[in-house]
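Chain IDs A, B, C, D and E follow the sequence of writing; residue 1 opens each chain.
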Amino acid sequence: MLNAKPTLKSTLVALLYLAPLLLIVGVFTLWPLLTSFLMSGYTHYNYFTNHVGGFGGANFSYLWHDPNFHLALRHTLIFVLGVVPATVILALGIALLLNRITWLATFFRTVYFLPFVTATVAISLVWGWLLRPDNGLINLLFRTHIDWLNDPRYALGAVIMVCIWQNLGVNIILFLAGLGRIDRRYQAAATLDGASTWQRLTNVTWPLLLPMTVLITVNAIVTNFKVFNQIYALFHGTAGPGNAALTLMYYLYQQFYVENQYPVAAACGVVLFALILLVTGLAALYFHRHAWWEGRR
Amino acid sequence: MQVKLTDITLSYPSQPPVLTHLNLTVANGELVALLGPSGSGKTTLLNLLAGLLTPSAGTLTFDGTDVTQQDPRQRHIGMVFQDYALYPHLSVLANIAFPLKMAHVKRPERRAQARHYAQLVHVDDQLTKLPRALSGGQQQRVALARALVKHPALLLLDEPLSNLDAALRVELRDEIRRLQRLTGVTTLFVTHDQTDALRIADRIVVLANGQIQQVGTGEQLYRHPHTQFVAEFIGTPRLNCVPYATAAPFLTIPGLPTARTLGIRSEALTLVPATATPQPILAQLTATVTRQVVIGRDRQTNLATPWGSLLSTTLPAMPAGQPVQLAVTARGSFLFDAAGHCIWDGDCDA
Amino acid sequence: ATSTTRPVTITFWHGMTDQHKATLNHLITQFNRSQTRYRVVGSSQGDFASLQHKIMAGAKAHTLPTIAQTAYTNVPTYVQGGFITPLDPYLKPGALKDVYPAFLKATTYRDRTYAFPFSKSARILFYSPQLLKRTGLRVPRTWAELSRDGQKVHAQGLTGVAFDQSFMSELDDLIAQTGTPLISDQLKVNANSPAALKATHVIYDMLQQKTATTAGTDGYGSTQFFAGKTLFYCGSSAAIPIMQASAPKGFRWQTAPLPSYQGHHATSIAGNDLVLFKSASPAQRRGAAAFMTFLLQKRQTTYWAQKTGYLPLTKAAQRDTKFQAYLAKHPTAKAANQSIKFGFQDVAFRGYPQYFMALSQATDQMTSQHQTPEKAMGRLQRQTERIIKQNR
Amino acid sequence: MKIYKITFIYLLLTLGAVTMLLPFGWMLLTSLQPAATTFATGHLAIPTAWQWVNYPRAWHAAPFARYCLNSLVVTLTTTVGQMLTSILAAFAFTHLRFYGRRVLFDGLIALMMVPGELLLIPNFVTMTRLHWVDTYAALIVPWLASIFAMFALRQAFTAQSPTTYYAARLDGASNWQYLWQILVPANRSTLTAVAVLQIIGSWNAFMWPLIITNSDRLRTLPVGLMAFTSEAGTNYPLLMAATVCVLLPLLVLYLLLQKYIIAGVTRTNLKG
Amino acid sequence: MQVKLTDITLSYPSQPPVLTHLNLTVANGELVALLGPSGSGKTTLLNLLAGLLTPSAGTLTFDGTDVTQQDPRQRHIGMVFQDYALYPHLSVLANIAFPLKMAHVKRPERRAQARHYAQLVHVDDQLTKLPRALSGGQQQRVALARALVKHPALLLLDEPLSNLDAALRVELRDEIRRLQRLTGVTTLFVTHDQTDALRIADRIVVLANGQIQQVGTGEQLYRHPHTQFVAEFIGTPRLNCVPYATAAPFLTIPGLPTARTLGIRSEALTLVPATATPQPILAQLTATVTRQVVIGRDRQTNLATPWGSLLSTTLPAMPAGQPVQLAVTARGSFLFDAAGHCIWDGDCDA
């Protein structure tokens, strides 16, 4: 209970509750992960006959020497940095607004949810249209003449824009669910304590929303590090002009499914995994300092 | 700040109204205790004053300005919520300092102030804990400190002492009174403890059935209740009530045709005095002691009388079964009509 | 075989969808009706990328079908993976005799027949007669003409030629037209030979002068072509049906073979072949061969060509009067059929997919980053040599 | 709230809503275009002739009825299964004390980071070993656990006041009873939100169903959308018509469920 | 059920221990009130009995069986939490019926029972509401009904009446007592209201500083406190404390070298009686009235004396400034040594 210590029995009981999840995750995530970790060390490997010629760091050194990998790494970091904070903050802002209104609330909530249900193909088509150099809505809006998708300087920015936009829906829903759980007494108390709307947000809502924010941030980091579909669809099956939108996941895909360099792809997967782990770990550390990572107790 | 409620009606969605056509004025600098049965709308009334609820009808003015629709934030209110509403993510110190932070008081200054108030309510040894690691009473005291720290223009306290032990309760009650006197802040104070109310309030407001039942000092309410409800509600032990029809034959005062109930305070039931007292006597009764309980310096005696079971607090120690001759003094006795209005009161008419 | 034995099931994974899928199913049904020993079961696996994934997964898990559609350039990889088997033992000698040489070369790898030609298309030139008339130009015969035409119409706000997303195929064609292909049959790389560079400059210069453009994220140059902004469009003949379906009302267009360069004609043939997997039983293998042979028959291959816009695979089919009549009725199909004569296919080798990516990157860099052909092709040369060396 | 504030909020929301609606509107409009125009111009235009036939045509382009049934079966079972396993695990991580709790939790979170493309083929191989290729089991079983859902639920569960757990235990509830009678109903909002997300994920899943099935018998709606893409281009109007058909059920579902998502355990009636 | 705590020590993580070597036995069927200052560990003690906390040392037995490690669920305990812990998503009726549901009581039966207990605590007009739509007192009553409904083997009530008005409080308190008598359930009852404790408890336990200070009936604690702490803690108004050195010259009893403090109950300060009373007198003092307050039937008089400011509750009405002659009766006076132990007690020695 409150101060109970784990015992063998309580561990067994807990394992019963965890068993279904652990079983599935073990078989369908952990096991393949381990095999692909192993594969990243294979050299002269025949993927189909499973013939392993040797074991070593050759695949990693391949990555190290491949300029495309460096490009992918850089793009991925820029991409994550561009998307994650923006999407989390925007989603929070919109969720807060949606949480305040009553009139037409259902309508608005549904509308903001739309991008999430809309198929990625359709979205990339539409954005392809919005981002056209001539008559594209974005250019009309900003009075520019940028060929967003075909100019290497802007392509990554365009993907970032699209992904922020598409990620909003999920995060808004999660934030709305989180906001719904916050006891309004705290808002009331803070109002009485003289907190302005903004102060209430930063001093009360935000910290109380932290468990949800942790979830959303971690999820956003994880999914955006693994971005692939949007790029594939937006650039018609390429990694953008001059590889401008080549991300690690795209690189992995190319190595695995196109160039048939399976161990190299596995090595890239290892790097990607380690990278996400690192960034998420940092985020966790940050949240942990705020004593909320572990929840309420 | 003078607070005035005019013709306030309020109901929760799809519920019968909690407050109906309620009128109340609290003078500037007054400390008013709000008494009333559980569920009578005391918290509701405070929330209304705080601006957390908007009345369905009526107006609320502060110093003459209509604030019915004003934002709670602009009202400069200090409030202790009945369930404290401490910020779960902030330490005790940060909780207390929160209103100052909102007012952009500099950090060292606000920590010093918060520390001061923490000391006042004796939680200065818990400053770094989070609310969930505090005992109930400690939480309540933190809430009190938080309400006091910002020197509000109006102080609303919803049972701020209910979870404290007697000694601390008296201390903090007196502290609240002292601070209130010092700063002259208008204060509304919900309490179930009549001693608290009687002891520190300038006036007491009794709320029941959506209406203010009576407003007055503790003594006024106790001695001159307007209604049977107030008479029964104020004072422990509870008023002895006897149907007027039963009592009438015994009474020394002229009959009142509209009277329905005779109310007798426990101290108005005395032994027939050996010496002549200045107190007029309403009736004399023969009774038997059924039980005696000593509570601190009080001795409560249950008596079997022709009027039914009565309770007295004036009798000396005596064994159960002992027959006694009782006098009902006029002072402390009331007559109520069918509607519960007090139509005769031994104190005034004496 | 007696009537009591059940027919042998030949499973067939392909990447055909919608109309093409229906056409293929019709052919399969025809085959199944034509005999009793084998039953082919076709199964569409989505687009070609998905089909590739599926084959890869199947190979890894040993659950491959009997045959599948795939690009012949994958054959070396599959051979190395050890899961496809040569067709030679099951084909009648000379079964492929009548097949056009352009298709034939791709069927063999290390002197064995692994790939059976199936859905093939050629690069051709699309043009709008109206626009040509307006600008007073003719269909260009040579790249030089094409380039000149581009300059002529540039002033009128028109682009000379639109390529698809990348001009890889056109570059391949041009370099082949110099007489030495990008990669020779002996796996010698010619990416930065003077001749190749000169050929590359043809397109590169046009792009720089903005007399040519790539489709970029439009995917296909037809979008700009239909918008009336370009004179010509270099595209695949496989696009003809979909272009017919989506041309704006009143927009008429024609096709022509690609222009020649330095007096040579060469058009790269794209498309897919059929391969036979090792996991198939001898009976299945025989059945697969029977099915493939069936598809190659005049009747089937012309039907296929007419319905899908792919090319008929045999000379006999090309000569077929009915098919000729069809061509007369559908002039847009003519250009591709004329191109078969000088069609060619890249040499397949292990590491081809990597080379392909490198080539695509090189053209992309010339397009979007304006890298000079010297630089881009120089790098391609080095990369390709390394790839070939590593995969030797 | 002041009226100008409200107006401002609505203005902002409307602005955002337009950008959210545009692509959707484009989808609807495109789905009603005759093939030619969109492909040619790539512009948004009101169709000159409303091609309602695109819808029946798209519907008949593939065995959509069958796909629909499969999608329903797969989505329902995986979502229910996912929620079940996640609820159980999240509960254990919230209220049970056991050895290795932190490590196990952090380990699971780390597994969220595995790139899915890396798992595709190994899992296919596993399926083959289990002889599950081309069965419902293959479509469902690997998705019966979602670390994300578990994580989300645990975050919600830990934010709940722990005293209700103690109260329930004292009231004679077993862990199991507490879980189903108190914890789950009291966290309806988060559960619904997570379930909606999982439903959508499962409904739109594409690569795995394609790889793991060989025949139309078991294929799901997103795979059906492939019918409109070919080597040389895509028939956008039909594709969009089919896409609209695929996502419409999701929208309806969301509309039905969203009131649960919003209505959490807040104190009502206090303005705040 | 007999409850026995032996040598219990308990501390929260990285905190000094809340309970240290605590020993306590509660007899079967006894109703024990637990008194103690805020933060003294009353809630902690109840949680320990309930099995929600495990002691770091010591054993807990129920009827002789060691239950220190037993699952809370097996203990058959009814508990009112200090913060109620109502199930937020269940209606009042469902909340009350929940324990019965867990015990697989049939639906009609459990609804009937829940309804019955709801009636008992007067929330029968709120049955369909969710807890969040209830007033504080109503929530508390629901929690009480929920604890009672299942006829537990041990009833733990953590300030179950703190948010109720006086009348209701008395009624429910008596109801709890009646039910407890009826069912004979062993009950521990935390309260800050000494009247409650004195009125219904068989015994009172005073907890402070991690230890049981004294166990006894209300009268024992009031008349014969073992320590200065208990003497000060029990009784309102608070005990008058005078340094022994100041008081000694006035006293009529022989000097006690170890005495440090003289404690005088407010009723032990009387006017020097006109007639000889049977009460022995400890000292006589000249004093001046500084203030008088009337609280209900009580009149508290602040007096300025040579011993400092003292408070009496026996004086009749008189104006401030009036000089009076005071007698300190032996009964109600105590002497404490430096450690706070009572070394002389006017009642015993009289």
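As a working rule, a contact is a pair of C-beta atoms (placed from the backbone, for glycine too) under 8 Å apart; a residue touches a chain by one contact, two chains touch by 3 or more.
Fair warning: this is a prediction, and the values are worked out from it, not measured in the lab.
Under the contact definition stated at the top, the chains bordering both subunit A and subunit C are D. Set against the Cα centre of subunit E, the chain with the most distant centre is C. Between the Cα centres of subunit C and subunit D there is a gap of 39 Å.
Annotation: 21 Å between the Cα-based centres of subunit B and subunit E. Centre-to-centre, using mean CA coordinates, subunit B is 56 Å away from subunit D. If you average the Cα atoms of subunit A and of subunit D, the two centres end up 16 Å apart. Listed for subunit E are residues 12, 47, 52, 72, 83, 133, each touching two or more other chains. Shared contact sites, meaning residues of subunit C that touch two or more other chains, fall at 53, 56, 60, 218-219. Within subunit A, the positions touching two or more other chains are listed as 1-2, 4-5, 128, 183, 185-186, 188, 191, 257, 296-297. Looking at the complex, you find that subunit A touches subunit B at residues 183, 185-186, 188-196, 199, 203-204, 207-208, 210, 292, 296-297. Note for the complex: subunit D touches subunit C at residues 35-42, 61, 120-121, 124-125, 127-129, 133, 207, 210-211, 214-215, 223, 226-233, 235. Of all the residues in subunit B, the ones that touch subunit A in their complex are 50-52, 71-73, 75-79, 81, 83, 85, 87-90, 98-99, 101-103, 132, 146, 150. Residues 12-13, 47, 51-54, 72 of subunit E are the ones touching subunit A in the complex. Those residues of subunit D that touch subunit E in the complex are listed here as 161, 163-164, 166-174, 177, 181-182, 185-186, 188, 265, 267-269.
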